[in-house]
Every structure is written in C-alpha cells, then in structure tokens.
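Please go over the structures that come below.
Here come two complexes built around chain A, the first alongside chain B, the second alongside chain C.
On to the complex of A and B.
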C-alpha cells in the first residue's frame, strides 16, 4: 500500500474510533464516575454525547459549506476582469479582518443577530471566510503571468485557463486555507452554546459553571479529537488532490 | 483632461449605506425582560440626512472630475460629514427614543447601523486611494466618527448607560486582560525562542518541534482550558509551595548540568529543554503573583496574603487552583508558542549561508554570528511571530473569565447570562479595538527594528507604484 493509502486507512480508523467513543455513553459514565467520585453527575444528562457531537458537526458542516462556496467564489471573482476593481478592498478586508479575535466576533454577532443558531452560523461563516478568500486570491495570483499569456496564445478560453491552469496551481493554497478555516470553526463553535446553540461546548460550559471537571472533560476530549481529526483529514485530502506538492 | 471612470469601491460603499436604511437602525427595549422593537432611521428625526449624504458621495464617485484637487477635498470632507452623521444619528435616535421612556429602557444599535459602519469602511478605503487630500479621508472620518461619543452625544445609548454601571471595573478588567496576555507572551517567548533556535540548528529536531507546537495549536482553546484544569486542580490540592519550587529548581539545575556536559548532543538538548521548563514553572509562579496582586489592587478582591510565601503553604494559597489565572496563563502560553517557534525557525532559516560563512571567516564565534549576523535578519520574522502571538493570546483571553480569571470577557459573560446585549458589546468591542491597536503597534515596532538596509519599503513602494499605474494614467 502506498503512503497515502496507509494514511487514509489510519484516518478512517481514527474516525471510527472517534464515533465509537462518542457513542459509548455508558463507558463515559463509568470512567468519569470512577475518576471523579465526588461529582454527582459524571456525564451530561440532558443530551447524549452522540447528539451533542452531531450538533457540533452540523454547525461546522453548514458553516464550512457556506464558507467554501462564498470564499472560493469571491476569490475567483476578484481575480477575473469583472471583479478586479474590488481586489484591493477584498485584500484589505481579509487582512484586517483576520486581526479580529474570532471569539470576539462570535459575541459581536450576538447583539446583531440575537440568540440562536442563525447568529452563530453567521458569525462563524463571516470569520472563516477570511482565510479561505485570502488563500484563494493568493493562490490564483501565484500563476506566472507569462504562463497565462502563453495559454491565451494557445487559444485557451478564459474558462479553460481557469480550470486547466489556474485551479491546479491555486489548489494547494485553497485547500490549506480551507483547513485553517475548518480547525478554526470547530474550535470557535465550542463557544457557540454561549450564544444559544448546542454542540460539544455545552457540557464544557455547563461543567465550568458548576465546577464539574467530569463534564468539562466529556466535552473537551471529543472536541479536541474532532479538531485533530479534521486537520488530519484535510491534510490527507491535500496530499491526495495535489500529489505534486512536496 | 481625460474622463476618469466611476470609482466602484466608493460606489459600493454608498450602495451599502443606502441599503442599510432598509434595516432597523436602533433596537428599543422597555426593560431587560421584553423583546426589542426595531426602528428604521427614516422614521426618526433628521433621518433623511444620511441618505442625502450617501447619495452625494455616490454622485461624487460616479462623476468624471475627480482628478481635481477640489474634488479630492470635497470627497474627504463629505466623507467626514457622513461619518459624523452615522455616529451622530445613532446618538440622536437614542436621545429621541429615550425622551418618553423610563430609565430602565435601553436603545442599542441594530443591523442598519452596523451595516452603515461597514459601508463607511468600504467608502473610506475607496476614497483613500484617490490622489490628493482624499488620502486623509480615512483618518478624518475616524476622527469625525469618534468625536460624537467623545463629546458625550451617545449618553442616551444603552452602551453608555451600561458603561456608567461598570465604569469602576472596566479599566481594571482591561488591565487584567492585557496583563494575562502579555505575561503569556513573555512565557511563550522564553520557551519558544530557544526551541525555534534548536529547530533551526538541528534538522532532525525541526519536524518534532514544529509538529508538537502545531498539534497543540489545533486543540480548541476552550477544550485546552478544560484539559489543563484538572492538572492545576490536583496541583493546588496536593502540592506545597516548597515542593513546587523544589521540583522546578531541580529541573533547572539538572537540565543546566546536562546541557553543560553534553552540549549539542541529544542529552544536552533534552537537558536544555528540562531547564527551560523549570524556568517556565518558576516564571508561571511569578506571573501569577503579579496578576493576583493587580487583581487585589484594582478590583479589591482577595489580596495576596503573606502566608502564601511559607514553603509549606499549599499551592492553592498562591493562586494555583483548578479555577483561576493559573490554567488560563498556561493555556495562553501554549497557544502563543506556535507563532513564536515557527517564526524564529523560519527567520533563522532565511539567513543566507554565505553570510554566516563570511561571519565565520571574519573570526566570529558562534555567539557572535548569532547576535550580529543572524539575529538582525531573523528579527522581522520574529516580530511578526510576536504580533501574531499577541493578537492570538489577547483574543483567547476573552474566555479566561469562564474559568475564573479576569479580563474583558467578564462583561461578555455577564451580558450573555443576564441577556444584556449592550454589556456583551462593551466587552467584545474593546477586545477587537485593542487587538487591532496591538497588532499595529507591534507591526510598527517590527519595522523600526529592521535594519534600514533590510526594510522591504523600497520594494513595496515600487510595487505600489506599478499597481497604481492605471489610476495614474486615467487621472492625468
């Protein structure tokens, strides 16, 4: 098996182990009960860990779908002739915007959109857009001018130039941007319960409020694993889609 | 004079500004318990002023005579007036709505206002690319916008009323927020700079060091806070100050001895790491003492008692407990590590080998080469790492109050729990503003610390000129 195959197999095993872990509610109750005997509720009881995980995955999934569609679209549009006039603005907004702390952005959206999932998705999307748009623009701009001219000289249309030339060159940067956005979204979504949604942050925040270490760990361990698995999945995907990158 | 094209960015700003009028401008709530009611700007006194200003700005951006010096002036002044208009109409709306309301009522900025702020940013960015006086429109606009609250015309806004309630604790919490993130940065530098140096010197180490730092960075911040909590909880309960200092000091001594004995061999490097961790543990204690002292002085909480200095006192007396500044400080340090290590590594790797060879040829020792040849070249990269680390820790310190440490997140947390959106803003807005300020400050410092011969300014200016050339052509 190739190195990529081994990596993919390990990754699949990692995801399987992760889903087994979050489905094993009984095991959590027993282990946490043994570790923290003084705690009366060793597991979060209002939702199962399985439900919380899927809430988290749902929040992340919706956000990332929006982010990839809008971010890549915006990046492609501003590097075409039609949108070129807005390139400096987009560059400026994505650079300045990334200085905003993501957690503060999440809470800034609260007075704006109000409590609930819509506000959380809006804030997460707005922030995660920045690295994706930025890396798409940088990736597309890294195509050498003479190469583009040569392609035009060969009679390739604008769409052909984009698909055959610019996309392959930009792909590593775009995927890296999406990876950054994914890890960021998984992490920031952990705080989303504070603005009125669910997810793996729910037991953490409940545990912090009640000084209950068992609850904190019940949320913190799965969410840390989720972030690491998300990062590794994107890295494997990068290697699979862009095998020419060393 | 040739015709200049309409400026699409300023036009976009004006269009956003006009679109914002369709959204509620402010939100009015009788008290904390009822749902708010949105008021559009056009129904409020003098509300027509803003669309008029946006239309004028749009017309100016559409027109063909912008190369004129007078047009540039007109654009800058018009923009400043629009900024003052947005800011003033927010205060005005609050004042007019509060006339007949009880003191419990709150007026908060709503979607229309926030979209207008974005519109102002876009228009200001577009205008500042015009030649002549318009270059100053960004600064002018910012001053005009800020003048309104500074003159006290936002006094009827919920934001000002909530600020009046917490005025005594706002600045201390900001101070604690800064103290927490700066201490974490310092700790990260003391550990990260040598780690980056070691990674740059030893090819085999670089993968491990960068990999571990990246791995730690991937763990979500709240989860990391949660994971370090049990450690400190156990430490605070079971360890005494004497045993903690003993272990840390022992690690420092043993590590230094190993480092002296084995030098650059693997045992020596591990010794160096051990010594660094010992120093970290001791500095963590010092940082906690500092933060605890500040908290006592500023917020009048528990002050530092002399009993904590006794070697047999439990660590919890020193402030090391599951909840509090200790886990926050450690988690923030771990987060700040990656940018520092990576940038030190990249900076040192970017030194041309010919340069170090030449320095060696001149008879410089290893230390001299590092200080005089490599350090100046790596410094801009390291400063960029410090900038990133500072912005990162300052942002993540927002959630420190969740685990019982201080900081501006305290107001966010209270606002979320009590359903007071203005209080949330009062915590979140300063965090964003100070983060931008710190980023600018460290960035500027980085530029100043770069030796003149290495500054990319000349090159950047050249690039700007070429980028601006179509503009120049259309103007002339």
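On to the complex of A and C.
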C-alpha cells in the first residue's frame, strides 16, 4: 500500500514537472538559443509548446478511448460463443494493421477518412488496436478451466462469469496491452502532422525540413517524457487495480 | 433426496458412459460414487447440477425434475466442490467464500459473518486468512476455502468431485477427519466422487460402485468389502478389503472379558485396525481393553480377529 502511495506521489510530481516544462516557453527559447547559436529560430513560433502538447494529448486521448472501446470489445466478442468464428479474422486484421509502417497506415487511411484530425485518429486507432485486442483475447483465454467450471457449478450466469471472473482475471493482461498501445500512440502521433493535424510532431517535422535540430528536440523531448510518464501511469494503475498479481 | 431414474448418458460417437442408472441418495446421507477412470462417476454427479444433461432418463432433487428447474437457481442450492478447487484468483479468501451470497444479495455484514464462521469451522482462522489471496495458500488450505465457499449459501445438497485427491496423504486424512465432523454437524445430503477405496470406506454411508456404465454394487461400505456382488467389485475393493473393514469397527466389537494375564493396553474406542496393529506390535500377547474412564473393560488377543466376520456387525449398522 505504502509502496503504491509512494509510486503515485512520484508520478504526480513527474506530471507536474512535465507540465511546468512545456509551459516554460521562454526557458526553451533561452536554452535552445544557447545550445544552438547558429539557428535563427530556436523554438517553434506559430504555436506555443503548451498548445502543441495539448494537441498531442488530445489526439492520444481520443485515439486511446477508441482503441480501448473497440479493442476490448473485439476481444470479448471473439471469445464468446457467438463471435468465436471471427477470432482468426480479427487476429489477422489487427496484425496486418500493425505490420504496415505507421506512416503507410496514415496515408492508406487518407482516401477513406480524409485529411485532418479524423484521418489521423482513424489511422492511429487502427495501428494501436493489435496489442489491446490481442491481450484481451489472451487474458480472457487465460482463465483456468476448473475455475470456470466451479463458477458454473456454483450458479453464476454467463454474464456474471464474464464480469465477476473473466474480466477481472484478464485485467492485468488487458491493462498491459493498453499500456503498450498508449506508448505506441504517443510516439506514432508525431507523424500526425503529415496528414494535416497538430501535436508535438509539428516542430519535429518542421525541424527536419529546415535542418533545425533545436526544433526537432523541442518536439522529441516532450514526446519522450510523455511516453515515459504514460508508461509509468499505466504501471501504477495496474498495481492499484490488480492487487492480487504478485 | 437426490434420485437418478433410468439415466443414460452417451457422448457423441461413443458407447454409453452411463447405462440406465437408477439410484437414490437419501436425505442426510453421504453416498460415494466410486469406480475406475472412465466409469462415469463424475458424469453421473454432474448430471445433478446440470453441468451435463442426460441422454435419457431423469434426475430428481427434492422431488423436482432438475430439467424443470431454472439452472442457475438449481446450482445455487447445491454446493459444488472440485478437485482443483477453482478459487477465483483475484478475490481474497473471504470474498471467495462470500461469492454466491454476494450475488444473491445477502447483506455484506451478514455474509461476512457467515464466511468467518465457515472459515473457522474449516480450521482457517479468519483473522489470519480472510484477507489473503488463494495463491498464498497451500493446496489443503485452498480446498478448505473451497468447501467453505460451497457451504456459504447453506445448501441442502453438496456435490464433491474428488475434493481430496490432489492432496498429500497427511493433509488428506486431516481434511477427511474434519469433513466427517462437519458433515455430522451440518447434515447435508452429499454425493461424493472418488477413486480411492479407503476414502470411500472412511466417508461413505453408502457406496455406489460404477463399472461398465452400470451400478456394480450399491450398499454400506461393509457390504462391498465383505460381500462383493461379483468379481469386478471384489477386485476393485482390493485384496486387503477385510483389513479395510477393521477401520469400520472398534476394539469394543472384538474384545472378550478381562484377562488378568493381559499386558499392555488398547483403547475401547480405538479403530480395530489400530488395535490389531498394537497387538501385532506386542508380539501377539493378550492386551487389556481400557475404557476412556481408565477402567479395564475387557481383553483382546489376535485370535479374536479371526472368524469374527459373521459374529460382529459394525456399530450402528445392524443387519448390514
């Protein structure tokens, strides 16, 4: 308990430090200016770092909401009797979705959903679906036969078995899958500007185009920190939600 | 009462596993289903709470055909204990025991009290065990929780599928002992599956020996041991079945009047196999039989065990 408390406190401090860092536009300008005296624009100027960060968080948040809803939904459905026939198909589709390089998924999604935030979210969702669906299926399949047999014999209905046994037992795997998808999405969302949206990828892509390392770092450092914090947040959440896991 | 009427079960493509089984489990009794693997003993048991449906025939519980009872309702009134226990890994011991009452809406304080009573009854102190997770318990402790869970809703019936088979001999014996006591206190009607003859003799009021899809013999343990109906029964109950019978009796069943020459003591209430073992250890000399009060009430010698099979009936089994 206390260990979890300490972990949560450190995490809160980490997030506070992160938000302070991305709000300190002046500081970035001064530090980058000092580090790279040769570049004329040491920070991205059309949006503040604060705005870019929140665009990135927005993209990630919307994507992850969809990924969790669709991924867990598909996982549960394909492990029920009525959806079992679709398990191989869903497995294959999600694998294909992830085998393509993310950039390809982004551009392939373009003609379907169009330019802009919708396209980016659709492509990111497709890309991050695999770990969540796969881990939900594996988690649900990991419930021991005897435990299911006991649950049936004790008089639990199918719905009660799902909610009181299968879902909780699958939860560690599902949360681990969501954690993987989250880190993947935070990283991959840096490509979103290529299909016309914002986010921390904006200064990176601008910096690549102008051969400006300062701009690249302005996007890359917050993204790396965000991925790290996202991972730690999920780990803390896992520990808190599944206290029975050794 | 649990009743099987002309029950036949045939799985797709195979010969019938059960072939016209008719059997009654009287109220308050423990009936053991025993037989070699594949004899359908588990299948027969799982017909009662409809984990399996019969191909033909019917199963009746409390005078009602189980096929006409809502399956969830039926199962909640029948405790179920299995060999691999099947505790929910994400719930604490107390939460596992409270599982069924929590579903049926028993108030939290009440079901908690009941869970603690049951854990105590099963020899697990709630203060030490209630908040642990199943993985933190030994196999024997897990099965104690499994039995407490089955009893939580206070069912009139209990189905036990090889509940002690996976345990080491010492734990198994301790649990059997405790379970016998519990059974006397609670008075459930119990159907108990095992493949262990000793366990069947020890626990059963009646034994039903299944083989080749039919009942080979149904009767009190003593009858199957002493008067096997056929070669199948004789061979299944084993070559030392007369020795097993000793476990059903006490020294009191064999003793003769006190003998001043007797040395050493055996207890009046000792199981006869223990008394025999003491006699063999003493080199065959006569021994005194002593009542719990310390009074010498008789004597016992090796020859008292010979030829006694017709003369003495086990206590409480007149005419068996």
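Of note:
Heads up, the rule we're going with is that the second predicted complex is superposed on the first by the 239 of 246 C-alpha atoms of A that agree within 3 Å, B and C clash if a C-alpha of one lies under 4 Å from a C-alpha of the other, contacts with A are read in each partner's own complex, and residues count from 1 in each chain.
The rule is simple: contacts are C-beta pairs under 8 Å (C-beta built on N, C-alpha and C of every residue); 3 or more make two chains touch, one makes a residue touch a chain.
All figures in this text were calculated on a predicted structure; none of them were measured in a lab.
Model built by superposing both complexes on chain A: chain B and chain C fit together without a clash.
Centres of mass aside, this uses C-alpha centres: at chain A, the angle toward chain B and chain C in the superposed model is 100 degrees, to the nearest 10. The wider contact with chain A, measured as residues touched, comes from B rather than the other of chain B and chain C.
By the document's definition of touching, neither partner reaches A:118: not chain B, not chain C. By the document's definition of touching, neither partner reaches A:65: not chain B, not chain C.
In the superposed pair of complexes, A:92 makes contact with chain B only, with no contact to chain C. Once the two complexes are overlaid on the shared chain, A:142 sits clear of chain B and of chain C alike.
Contact with chain C, but none with chain B, is seen for A:160 once the two complexes are overlaid on the shared chain. When the shared chain is aligned, chain B comes close enough to touch A:205, but chain C does not. The least CA distance from chain B to chain C in the superposed model is 9 Å.
Chain A uses no single residue to touch chain B in one structure and chain C in the other.
For chain A in complex with chain B, the residues that touch the partner chain are 85-86, 88-89, 92, 96, 99-105, 107-108, 110-112, 183, 186-188, 190-191, 194-195, 201, 204-205, 207-208, 211, 213, 216-217, 219-221, 223-224, 227-228, 231. Within the complex formed with chain C, the residues of chain A that make contact are 144, 146-157, 160, 164-165, 168-169, 171, 242, 244, 246. For chain C in complex with chain A, the touching residues are 49, 51, 72-77, 80, 82-91, 99-100, 103, 133, 135, 146, 149-150, 159.
Against chain A, the residues of chain B that register as touching in their complex are 8-9, 12, 108-111, 114, 122, 125-126, 129, 215, 218-227, 229-230, 233, 322-323, 391-392, 394-396, 398-399, 402-403, 412-413, 416, 421-422, 424-425, 427-429, 431-432, 435-436, 439.
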